[in-house]
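These notes open a run of structures that come right after.
Each of the two complexes below includes subunit A, the first together with subunit B, the second together with subunit C.
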Partner chain A sequence: MSRQVELTINGKAVSVPVGTTLWDAAAAIGIDIPVLCHEPRLRPVGVCRLCVVDVGARTLAAACVRPCEEGMEVRTDSEEVEAHRRTLLELLLADQPDESARENTTGDDALYELARRYGIKDIPLPDGAAGHPRGRDDSSPVIAVDHQACILCDRCIRGCDEIQHNNVITRTGKGYETRIAFDLDTAMGESTCVACGECVAVCPTGALTHKAVHGLRLEEET
Partner chain B sequence: MKRFKPAAERSEGAVIHTHAVDTLCPYCGVGCAVTYVADADRRRILFARGRDGAANSSRLCVKGRYGFDYASHGQRLTRPLIRRESAYPKGQLTPLEKRPNKPGGPVDYDDLLPHFREASWDEALDLVASRLKAIRDSDGSRALAGLGSAKGSNEEAYLFQKLVRAVFGSNNVDHCTRLCHASSVAALMEGIGSGAVTNIVRDIARADVAFLTGCNPTANHPVAATFMKEAAEAGTQLVVVNSRRPAIADQAALYLPIRPGTDVALHNAMLHVLIRDDLVDHAFIRERTDGFEAVTETVREYPPETAARICDVPAADIERAARMIGEAKAVMFFWGMGISQHTHGTDNARGLISLAMVTGNVGRPGTGLHPLRGQNNVQGASDAGLIPMVYPDYQRVDDPEIQRRFEDAWGVQLSPTPGLTVTEMMNAAKAGELKGMYIMGENPFVSDPDVNKVRQALAKLDFLAVQDIFLTETAEFADVILPASSFMEKDGSYTNTDRRVQLGQPVLALPGEARQDWELICEIGSRMGYPMEYPDVAAVFDEFAAATQSYATLSHAALGDRGRWYPCSDPATSDGDPIVFQDSFPSGRAKLVPARFKPAEEQPDAEYPLILSTGRVLEHWHTGTMTRRSRALDTISPEGLMEMHPVDAGALGMEDGALAQVRSRRGDVRIRVRITDAVLPGTVFIPMHFREACANLLTDPRIDPDGKIPGFKFCAVSVNPANLPESRTA
Partner chain C sequence: MRLLKAMLALQASEGAVTDAALRKLARAENVPLYRLQGLRSFYPVFREQPGRPVQVQVCRDLVCRMAAGGAPADAVRDVLAGRGDAEITEVSCLGQCDHAPAAMVDNHPVCGGPRALQQYLAGEPAPSPVQSDSLEHWPTDPYDSAGQHYATARSLLAGGDPESVIAALKQAGLRGLGGAAFPTGMKWEFTRKAEGAEKYVICNADESEPGTFKDRVILEDLPHLVIEGMLLGAWVIGARRGIIYLRHEYHAAEQALGTAIAAARRAGALGRSVFGGDFAFDLEVFVSPGGYIMGEETALLEALEDQRGEPRNKPPFPTNAGLNGRPTLINNVETFSAVTTIAARGADWWNAQGIDDHAGLKFVSVSGDVARPGVHCVPWGTTARDVLKRCGGMAEGRALKAFSPGGASTAFLPPDKLDTPLDFDTMQAAGSALGTGAMVFVAEHRDLLDVTLAQVRFFRNESCGKCVPCRVGSRKAVELVEQVQRGESPRPGVSLAALHATLAKTSICGLGQVALLPLVDALATFPDEPSLQALREEEP
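Moving on, here comes the complex of A and B:
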């Protein structure tokens, strides 16, 4: 049996195998840490920083990548942590398109979900998109790409490379021009994409959506 | 300042209420679990979500993710149809060839529908029952036959074979496994007494080496391929053998591009090296196999240099492939129809069985034999007895003890004579010996070899009832067409390539007056005088399971939402067995059967200088009746293309996209050329899905003597530039 470490998260004691991330340890005891760039099927990369938690150190730690340590005292909901997340959300929302193709159709835009949870209404930032349209790619018959809605979380890249092993999606560009790209930056419909749709399945925003449901407002009955 | 618009302020338009149903993908043998989200009145599916199934862990491919809309296509059959008097004598009603002003694609309804009239269910079912009964009474049971489907559920397959055996009175029942893995099953039954896979696909993660031959998993088993690529990235070495380079060769440690039809020589040479260099597992051979001496004797004649000349690959590569297998701790063998669809398909599979056995690679993690199954329920349809020689669970019809058991269970006298296979049925129909057929969910007019012969056979039948969801090429020859249920509308269990038995659930409502397939089978049986009454599909499963050992512990309730592998000692506590035959085989010891290389009979010559192989593409399925009616799949892949090597194309002065005339001794087709070095010089490849460029007009109907499978992967053709007026090429 592997060695265990013991720590507390929001005062709750938890014992997990060495190497377990804070995010997984919290999930195991029912503590939900918000996250955009991570989901359990993917290798965590810690790029969106929404999962930051207070581990008593000088800086906040990204729970999805930070391993648990013996005796750690972790706060996932302190005022500082929440303020941090709120600012991150405002930054991410500042240049989102006016409407989310995901929220408008399947209604499961994770960025919108968090914005609602944090009660965000007015965004006290200039619209980053003004004069910087990041473009769309509608060349695939089944998948719509809206670069303006992309938050560069890399979930589609990992979905394509590490789940489906198709190695089609990558990043290109620098600074604000950074965006996802297909093969050597060809249009998605002309790339080696096999249209498995894994990128749409893992995308948290309106950046990658199923074309077939565009224009339909769907509400799932439970 | 930017304002965030939460959901309450979502854009205009009426809300569509949806409901989500946990079910399975209808396409291939991988058996992916999926959730389809449909509108609340169950008329159409809107989108798909991967579900965490044993075979797919939420992964899907393009067919599962986007290919669902065929089920709500406007061409679904919604009322029973009876052939008009004016449409006799029977013949083909639509041209196969693409015509000016008509796009290619599935059967043109405008051509077909005028020859049929709508009828009530009672009239249609009474007509089917009375005509089949009349043939049985006047010409005997052997004048009737049924073709079932590997797309149907286990329950439908069980009822269908029961109808043919108990009511038609013969064993003339078969299905399309005959055309895909009959030879693999023949070799496996002979070798180890079981036709199913020994280890699940995902066990490849524990293999040191995986031998992938005659398969193209990224196109045909795409989600299984993701696990293969994952294993390769984690260190499993792939040895890939093919005569048309599959994309998975990109991940291979070794790729052998062998000449088509020379697998037996390759396998023998690998066995030669293993035995010569003593890389065999003597304990395993001693304790668990018979026949090693005979194999040793035969493969002595196949040193790598000899095979290298036959297969046209370097002897050093054959040596290396053999050593990789001989030196690894765990080797898994995967194969597809590049192995099985030959007139020596059984010999091909025998060689793979021998390779696994002499190296002791069965019964442990990361080892085993895995013929990759094609249709979503080809394993289950075979298990349920849609095979002319066996009852459910491969119990032989010519064993008097077994016959008595089924006679007691079904309360009728049964025939001890094995029935006709798919290909034999077509010959018998053409010869006038077979007079009546019931075809459920199959389209032999496009899927069988030499379709010109199939056309004559089907036209000659006195009576043909076709049960399907669309008008197919086969339905053109029908006297009665029964509108049935698509996968998306039915309850039932399906057994995937891993032996995983999983439940599908209805997502959509049946269109119009269409009815459940299982009810229609029962109606025909009952109207022919043999009551077939069941309260529901679960009750059918119970009767089927009770007739078998493999499924005996299972029930719909026990399968739950994740299914079980069979055999499963106790579904309450066990997921079933991902690995079987740890200690012994169903036949006790494995029987190793030597095989000698024989060149295919129809070799290229001056008149037909190229070798044609047929197969599939990622976006399409079988004869295209489903996928060509999926908007997404049809948009991505609208046309069949013939792959040709640049050297051959250059010699003919043909450029990429040029129209070619392809001829064989049996027929000819026109098809556009795609130039690629994935195919070997001297070979061409045509996908089977496209009726207007129907590969099976060309293929050779000669069959394997043991598996009775046609050699779809080898025939001789000629290719020439087609000079047609522009309007005909549009």
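Moving on, here comes the complex of A and C:
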């Protein structure tokens, strides 16, 4: 039997096996921690930072990658933590295209959903889509790539590599200029992509969507 | 290292790492194409196509910007306008701040500005960089002659107790001199106790923060102290293999290390049977494919594992899970050299070198508006005022407006803090940090917005892009401030202090955590600075 660690999350005691992440421990007792880069089927990478929580350290910890430790006292919803999450969402939303292909079709854009939850309407930051458009790639017959909607959460890369073992997608470039790419930065339609659809399935935004459903536009709210 | 070494060899021989070359490499190494694209596009030394025959890299960062009175590349472009064979690229700090404005031509440092570049390119002898304070004998070197090198390790390995080295480091109070100030003795103890079939010792020789160049001088002048410190580390923790991770612009240091490693092998200090005993240890130099972020120790480990140099989430720490998941001792160049000094002379001697209750000797890099920039080895506890005096005071007799005691990641201090003794705690108490000991002095005529924004731009330029706060936050902050600078907006529109707080609290590594610090801190520390007025949240 594996060793257990005891900790409290938002004052609630919880006992989990050694190695359990804070995100999983919180989920086990019904505490939802917002996250964009993590998806339970995938190895967590801790890059969107929305799941940061207060563990009493100098910096906040990303719950999706941080293992639980004995005696930890974790706050997932303090005013400070929520303020930082809000700023992170604003940073991501500042670069989003005017319309999300996912929100308009299947209606499940996770970034938009969080923006609604946090009541974010105006973004007080320079518009990246207008200032530095990132472009799109429509070369694949079935998958549409909108780099502007990509938040570099790494989910498509892990889905392609670790779930499907197709090994096609990478991050290319560095810093703010980073974007996803296929093979040696080849157009998706000319790459070794087999169009399995895993990247579309795990993408949380309108960056990777099925072209087939683009005609099925959801009714717009009036 | 295998893939990156193959790509570095391609870049060196072909002047580029082309698609065709990567397809061939992917087949030979049995790795997917995307993996090689990820590497080629991340590291600045790689290019997809060969460039023009003459590659001129011009530093764009703070100290060179101050020396050039604006963007240094502008003046270089003017002077080299007729040279169709030359390609001018703006690059981050080259670690030659004592000879600002600095540039490199085909990997050769050419310092002194556009005129010197013109001379060099015309085949005339350009003034080569001269170390302004290079001593015949640095006070940290316990040896009078090359014949004595490695005597300390020889005697310790012959029957000493590894724990005694840890005890000496603790007694000397040595802390990491790469900027993070983690207690060295503790780090060695953790790595010694960590369980692993194999362990590694790595020297972080990737100093790249604007204003920092002291490791360059230590590597060139005292490479034997660094190698001996690594050997002692290997012996204490039980490692057989060491790697010096060297920044790619330090060619003279690479040569000095190569010569010193060969000498160490001849002296029996490296090899299958160190000093003829049953302890085996050898080391190699790995030249970084570039980027400031590689000095972040887990990014460095990613590079050594042939990945994009993106910092890891911590814990685990390298002491337990470092290179290839094995316990790894990583220290900075100056730290390893100080270990040798302490092991040779003893902790009591080391402690007696400092002023008052400060212990030891510290290498500082001094640059900016001082009469004689350079590297100095000073007792801990020396005041910033004394350091300035050693450099001949302020250039052209100007008054001091601000100084950064520790490099781009540390806050600027006003002149009334000049009497602060150099130490980690004292600088922190004064409102800044000692960082790497990169002291940049700024004269009264400078615009502090331009100065601090240059530091923030450096971090934006060097962000790896892995996490959202640093990748997007550093970019947006610079855009907001530039909009105000250009008069397009009266104020930033968001609180820069709040944005900084998010980067500081949620970024994965130190780069994002300090990216906005120099500018945001200056808003509070320099309330009367005219250039910063428009950035304040409240109406003036």
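In this section, the second predicted complex is superposed on the first by the 216 of 222 C-alpha atoms of A that agree within 3 Å, B and C clash if a C-alpha of one lies under 4 Å from a C-alpha of the other, contacts with A are read in each partner's own complex, and residues count from 1 in each chain.
In the analysis below, contacts are C-beta pairs under 8 Å (C-beta built on N, C-alpha and C of every residue); 3 or more make two chains touch, one makes a residue touch a chain.
Remember, it's a predicted structure, so these values are computed and weren't measured experimentally.
Asks: Should subunit B and subunit C be called a clash or a fit once both complexes are overlaid on subunit A?
Replies: They fit side by side.
Asks: Angle at the Cα centre of subunit A spanned by the Cα centres of subunit C and subunit B: state it in steps of 10 degrees.
Replies: 120
Asks: After the superposition on A, what does A:G46 contact: first (subunit B), second (subunit C), both or neither?
Replies: After superposing on A, A:G46 lies in contact with subunit C but is clear of subunit B.
Asks: Contacts for A:A27 in the overlay, against subunit B (first) and subunit C (second): which applies, first, second, both or neither?
Replies: A:A27 sits against neither subunit B nor subunit C.
Asks: Should A:I169 be classified as contacting the first partner (subunit B), the second (subunit C), both, or neither?
Replies: The second partner, subunit C, only.
Asks: Could you say whether A:A94 touches subunit B, subunit C, both of them, or neither, answering first, second, both or neither?
Replies: So A:A94 meets both subunit B and subunit C here.
Asks: Does the superposition put A:A187 against subunit B (first), subunit C (second), both, or neither?
Replies: After superposing on A, A:A187 lies clear of both subunit B and subunit C.
Asks: On the A-aligned overlay, A:N104 touches which partner chain: subunit B = first, subunit C = second, or both, or neither?
Replies: Touch status of A:N104: first partner only.
Asks: Please work out whether A:C196 is in contact with subunit B alone, subunit C alone, both, or neither, and reply first, second, both or neither.
Replies: In the superposition, A:C196 contacts subunit B only.
Asks: Considering only touches as defined above, state whether A:L125 meets subunit B (first), subunit C (second), both or neither.
Replies: Touch partners of A:L125: subunit B and subunit C.
Asks: Give, as a whole number of angstrom, the minimum Cα separation of subunit B and subunit C in the superposed three-chain arrangement.
Replies: 8
Asks: Would you mind listing the overlap between the subunit B footprint and the subunit C footprint on subunit A?
Replies: Comparing the two interfaces on subunit A, one with subunit B and one with subunit C, the shared residues are 94, 124-125.
Asks: Could you pull out which subunit C residues touch subunit A in their complex?
Replies: Of all residues in subunit C, those touching subunit A are 19, 22-23, 32-38, 41-42, 291, 308, 313, 315, 460-469, 471-476, 479-480, 483, 493-494, 498-499, 501-502, 504-508, 513.
Asks: Using the touch definition from the top, list the residues of subunit A that touch subunit C in their complex.
Replies: The contact residues of subunit A facing subunit C are 45-50, 52, 59-60, 62, 65-67, 80, 83-84, 87-88, 91-92, 94-95, 124-126, 128, 131, 151-152, 167-178, 181-185, 192.
Asks: List the residues on subunit B that touch subunit A in their complex, please.
Replies: Per the touch definition, subunit B meets subunit A at residues 1-7, 10-11, 13-20, 37, 40, 46-50, 57-62, 65-66, 69, 218, 222, 225-226, 229-230, 233, 618, 631-632, 635-636.
Asks: Note which residues of subunit A are touching subunit B in the complex, please.
Replies: 41, 93-94, 98-99, 103-104, 106-107, 112, 115-116, 120-125, 127, 141-142, 163-165, 194-198, 201, 210, 212-213, 215-221
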